[in-house]
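All chains are identified by letter, namely A, B, C and D, in their written order; residue positions are counted from 1 within each chain.
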Amino acid sequence: MLKELLWKWPLVRQIATGSDGTGPEAMSEQTRNLRPRFQGAQVARSVCPYCAVGCGQLVHHKNGRLISIEGDPASPISRGHLCPKGSDSYELITHPNRLKKVRYRRPHSTRWEDLDLETAMDMVADRVWETRARTFVANKDGKTLMQTTAIAHLGGATLDNEENYLIKKLFTGGLGMVCVSNQARI
Amino acid sequence: MPGLGTSFGRGGATTSLQDLSHADAILIMGSSMAENHPVGFQWVIEARERGAKIIHVDPRFNRTSAMSDIWVPLRAGSDIVFLGALINYVLQNEKDFREYVAHYTNASILLRDDFKDTEDLDGFFSGWDPEKQQYETESWAYRGARLKKDIYKRSKGGGHAQDRGGEKIQANEFEQDKTLKDPRCVYQVLKRHFSRYTPEMVERLCGVSQSDFYKVAETFCSASGPEKTAAICYAVGWTQHSKGVQLIRAAAILQLLLGNIGRPGGGILALRGHASIQGSTDIPTLYDILPGYLPMPYFEEDSDSITEYIQEHKTDAGWWANFDRYIVSLLKSYYGHAATAANEFGFNWLPRLTGDHSHIGYWIEMAKGNVEGLFVMGQNPAVGAPNSRMERKAMAKLKWLVVREMVETETATFWLDSPEVSRGELRPEDIETEVFLFPAAGHVEKEGCFTNTQRLNQFHEKAIDPPGDARSETWFMYHLGRRLKEKSKANPNPDNAGLDALTWDYTLAGEIREPNVEEVLQEINGRSVVDGKLVSGYKELKNDGSTSCGCWIYSGIFPSAGENLARKREPRDFLGHGWGFAWPADRRILYNRASARPDGAPWSERKKLVWWDMEKKKWTGTDVPDFTATKAPDYVPPKAAQGDDALGGDRPFIMQPEGMGRLFVPSGLRDGPLPAHYEPLESPVHNELYPRLESDPAAKRLDSPQNPYANSPDERFPYVLSTYRLTEHHTAGGMSRYLSHLAELQPEMFCEISPQLAAELGIRNRSFVTIATPRGIIEARALVTSRIKPLKLDGKTVHQVTLPYHWGYKGLVKGSSANDLIALSQEPNVRIMETKALLCNVLPGPMEHGPKALEELAQVMTGHKERRQE
Amino acid sequence: MSVTAFLTDSTLCIGCKACEVACKEWNQVSNDGLDWRGFSYDNTAALGHSTWRHVAFVENTAHPGQGGNAPEAFTWGMLSDVCKHCENAGCLEACPTGALVRTEFGGVYLQPDVCNGCAYCVVACPFGVVERNPAEGRAFKCTFCYDRQKDGLKPACATACPTESIKFGDIEDLREEAVRRMNHLHSAGFRDVHLYDPQHTSVGGVHAFFITRGDPRAYNLPPNPEVPTSYLRKGWISAGIAAGLMLAGTLFAFYGSNHE
Amino acid sequence: MSTSPRGEEREQRERRLEEIRRQAQEHALIPFPDEHENSFEASAENGYYGMPLLKRPQWTVEIPIYFFVGGAAGAAALIAAVGEISNKDRDLVRDAQWLAAIGGIISPALLISDLGMPSRFLAMLRVFKVRSPMSVGSWTLVAFSNAAVASAVLGELRRRRSIPGVPVLTRVSQIATALTGLVLATYTGVLIGATAIPVWNEHISSLPVHFATSGLLTAASILELKGHDSEALNKIAMMAATLETVMGATIEMRTTRVEEPLRHGISGRAMRGAGLLSGPVPLALRALGMLSKKNKPTLRRAAALSSIVGSMLTRWAWIKAGHASAEDPRVPLQLEPPARSQKDESLF
């Protein structure tokens, strides 16, 4: 018992081993048990969201919390490497300035208000419906037009293909919106 | 990507990043690849370490130049002179890969007698209509090709739809001179066209010495032939010009002449800047195309019947003969059982285009108050779009704005803290716009696929739930659509027939009711309608409504239940087969039939990729053949053959009706069948090559009081302005300026200027400078560096000023947005803006803040601004 | 388990700073201030308590026709600096608490739970690497990703580095690799490359050596770093003399004043 | 959104930027913080943009005070022991003992104050490293403090009651205090000398002597100020001041680049002042005192006071010199000093 207690004092270990205090004898419990913090975490295989190189990422997570994100060595494109932006993906997801609530600005207002998500969705659906109903033109000169130019969409190059598919399908195929655009050109 | 699309058949990079390591020379131009695609650049370094020569042509000596063997600075906007001179060098010195050129390109095809080149018409091609300010392109057709109807009308739309070569003419009908001697053959026309692109012109217009030009020409051209290949990498440094498509065309011509397309270590790699920017044209959120590069129907010509629409866009020969299968399958996946042959599969529920509905196009309408509502998802036009001052002011005319983002971006708060508010141009109390800012999920909080720069689809798995009320776009779109469909059900109206018919049944999961993304991907992949079985590829698609497919080029990505190939992570080989899914059909190097000789044997052992296996009677190799696997090299199509069968066994460019790579583009482009040098819309010099013409006649300046231009040249704005990106930031900063570990690396807006210009203006390193163009005024810190060189153009010194464009008025690090300076303009084919070559002035000292900034700008405009001295 | 090292090769470095970010992300180090320095593209300026990898940028005059990989002209050097993990480490010797230890991989690891912030290691480092965080009082420096190494993983910086400018591996292999690389560069005509591996001084070699384009001094790498313990002998002799003098003086003062 | 440290940082930055902008408005030039004339470039001639290669010593002001207190306490213990053995002046021995004991109590307190919390001092006792002067010093200090307090308490006990063994114990503890005191008064010279700071390691052979002398001078002077006018103390002080004068002169005579901080700037001025106050000034005052019968005590007190201030300043000046030395990358990089004339030349 005493011996164990004494053994916790690195000086005792140092004297007992005749060492100089720079080696294992000076290591703390924490150091001896040190392991990468993603040990025991689950891994999701992901793709870097920045440029279009498409580097593989290994996303370590545990109990619904993100642990770390690093390059996937198996990727034939990136071979486990990431650039500074890709390397900062963990911060991208976890930084304190991320939005977590819907923010709403009334006409003529000088400030934001918080809004409940479902309410906000209802309001947006109302706006779309109202504007479309007023501006939709089904025919012009007896010819099919099926179009509204009063509602526009911008964005897509950082979205998933499936998301873009739904955007085009609903906005153009369903609502007749033609003003649909994103960053992509040539 | 009409530059690549019209030349080769598909609007995507022809090769993959890994394959760059097999190149013997790499020309990087219009891109700072090391900075903007650092991880992709490892393959360039690998090639370099294996002995390849890396050439970087760029106005700035940047981190890519630092890794290159040769760096050549040229004047921003003079790229076609340089590339034209390379083409001229190849042709004059007969450095072209003759066997390749003769068989695989349209060099031998004869042109019509009424085609007139820029050599004949002082810089114009035949067909220019000065009244309409556009080309009538009939005379560009091959001799002997029949024209399809309405060749002229069609040119009002966007260019993404024009990637199918030859929809206007029957390009499979032509006359040929295989000796390439006929003065009307493409080869000879090309030779004549580029003959004025001499090294002397390069010296005078680009500011590149003749010896440096020859160094590049010899290095690059000596790295091609049967034993060698060379690759070209470009990015928005080429595309964001008033002639961006023609720039890429010039590269395509060079690579075709040198025989570098479809071969390992060759090709043209378009380096794209966003995770799924390729995907967002493949499955577009663009106005002029539907998924898989099917054109959006136009009002009037496409108003009535699907039959006519198909007739117009399908070709007799080449892969686009299957056009009908793809559009019908798409309509089936949009409208499901409601789409029947009787109602033309719902074709008339699709809206018709009536003009330019692109970003810039509708934004101008917005500024006029003609747009009521706007959705912005993952884009930040308030600081990321050209003439962002005007962009921001236009948003104040909206009734409602929905922004979906991970952070509070400048776009979401234009009404609160934009420079216009501090300058007194906008008052929050006066702005009616209702703004909804929705928190968006990050990439690890949702699943889905990105298509990377080499057309590779990679699925990213979900790791954790998004925080708070953050949701994916899938969730947002689904639940918005659900609400709208409910509204429609409650108020029946024929206007809503398309919305009612839209299939919108996805399995929802979890507390937040997230739609199942793999079901969407399966819909994209396509199914047989009868039994719902997934199709194994686009060859199974039918034109009778028995199959559905959301994007034909992605078909095969999910060939059977549980087999999501985008999710596969078992690479079998160097090109990465087994890892993700590259469209089309998992081909990693496009047009790879060209990696074999016409007789099917590899050009060389060193450069073999795909070849004809005589015994097994099929194409084989290390890539999936981009060719009908059993079509023999000596196959000669019978007279009446249609579609792919109409192409011979030595025609690698299977999308094209003639099956050849196009040195000359007979249809599909609006500003000429061949690239020609025109000055940028704002230029410090006159166009010496074609003195009658300054800039691309077909490009749109969109001049207006809100979008004024400098003269060319202009004493008030004597310096060339170019913008660029830094490694440490991402585009307009929404994904980097808010992150401490990136913000600290480049914390402030700066401007790179040469020591010479600095001395001229009395600017010290690290001091503040003010930069003005007719559109706006900003401030930056001066980074004085010899990496920026003043250029001597015909005895005149031209200074270039270069600006990163990452900053804005929100985030951990704030600063002026370079995009305040950029003009709205439109390249004629894809309507991209010119950001890489404009004019500006630089004043020592910081900018005035508040309303005084605009006074200062007005003074610069009138030329009365006294230069502040140190 | 072998003794490991970094070989950081500036001829392959694209100055992307992925190493800086990957390090900070993995080790959860805070940012270093948001100040623009204007040292070419470098805004972190030096290694310190919150910067464990630092990419230095050295600019020379650019010449049209010559890229940075042209042997004739050295134009823009980028080099990722890091703790050298010296063979004879000043910080390690100086540390009074045993917070700094030599790991089984040969690196010098600073145990954050042990460090008491005496800051003696700060002045004991001949490379100016270790620094006390003034906000919370303890010293910090590169851990050589000891946690990752224990699991057989590469350090975060070497994992991220896109061009493998940062190589990590067995020290003997890397020393050979460095020599091979130097020979290759020399034969390719690069006369201005240097292998920075101070084995000739009391530091006795390092676990992080560098190939630089241009003089290492431009990157603030000292040509002759000395481990401060090399001065100890002189110091203690002097202390002995001092003590002797004190004793003698005092004795003299007391015993030499008998006449009182 | 929390604003605390990051928000403050940002605000601070904004303020600084505002200031830069304001100045830039006036001069169109940014005075860069700590800008050196050659800091615009990184080169083999200039190093890396003038950035320091070494880190500045980060000790708080408690450390030079500790050097001062520890030195005085160690020397006081020596005086006590020698006084005891020589059996001269009981009161002097007692006060010297207490001086050592009080120093032995204040010293760890000063160190703890630098470290931030008491538990951190305990970490010093985890290991014992002979090659670390800081470790040797910490253990010495612990031994010294215990011995000094013990000897002071035992000494009091001895004075009041006659308990068997106490006199012996007192004497033993006194000797132990004196021996550890010798180390305490000298190791600090080794401590800063055995570092990477050029100006310190350049002087490693003289630093312990310098600090020991200074400690002895301080101890004698404090005891004198307490009212002791023992001739022994005067002698000690005279010898120490003489040595200080010699060392001060030596420093003045050495003109290498490494020693610049000892002769230029704040540290140089402090060093010069410290040298005068602990060398020639007290020496002269004491000499005067020996000649003048009337003012002898006053002059001795004045000399003592000057010595104490000088000794304190000596420690501070050495630390300051270390700062200046660490900031000059030219020494570790072995570069030529910049040509002074370049200062006014334009950048271009």
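Quick notes on this structure:
Operating definition for what follows: a contact is a pair of C-beta atoms (placed from the backbone, for glycine too) under 8 Å apart; a residue touches a chain by one contact, two chains touch by 3 or more.
Predicted model, so just to flag it, every value in this text is computed and none were measured.
When the interfaces C-D and A-D are ranked by C-beta pairs in contact, the top one is C-D.
Comparing per-chain C-alpha centres with the mean over every protein C-alpha atom, the closest match is chain A. Seen from the C-alpha centroid of subunit A, the farthest chain centroid is that of D. Mean C-alpha position of subunit C lies 29 Å from that of subunit D.
Mean C-alpha positions place subunit B and subunit D at a centre distance of 68 Å. Subunit A and subunit D, compared by their mean Cα positions, are separated by 54 Å. For the pair subunit A and subunit B, the distance between mean C-alpha positions equals 26 Å. Each of residues 38-39, 42, 727-728, 740-742, 745, 765-766, 781, 812 in subunit B touches at least two other chains. Multi-chain contact residues of subunit D, defined as those touching 2 or more other chains: 6, 10, 32, 126-127, 129, 131, 135. Taken residue by residue, subunit A touches two or more other chains at 10, 14, 21-22, 25-26, 69, 78, 81-86, 88, 91, 97, whereas all remaining positions touch fewer.
On the side of subunit C, the complex with subunit A involves touching residues 16-18, 20-22, 25-26, 92-93, 95, 98-102, 104, 109, 111, 113-114, 146-148, 150-151, 153, 156, 159-164. Chain contact summary for the complex, subunit A toward subunit D: residues 9-11, 14, 20-22, 25-26, 96-97. Against subunit B, the residues of subunit C that register as touching in their complex are 12, 14-18, 20-21, 24-25, 30-36, 38, 40-41, 43-44, 59-62, 64-70, 75-76, 78, 162-164.
By the touch rule above, subunit D contacts subunit C in their complex via residues 5, 9-10, 13, 16, 32, 41-44, 46-49, 51-59, 75, 78-79, 82-83, 86, 88, 114-116, 120-121, 123-124, 126-127, 129, 131-135, 137-138, 182-183, 185-187, 189-197, 200-201, 204-209, 211-213, 215-216, 231-233, 235-236, 239-240, 243, 322, 326, 329, 332-335. Considering their complex, residues 33-35, 37-40, 42, 45-46, 48, 56-60, 90, 93-99, 114-120, 122-132, 134-135, 137, 214-215, 217-220, 222-226, 228-229, 231-232, 234-243, 245-247, 249-257, 260 of subunit C touch subunit D.
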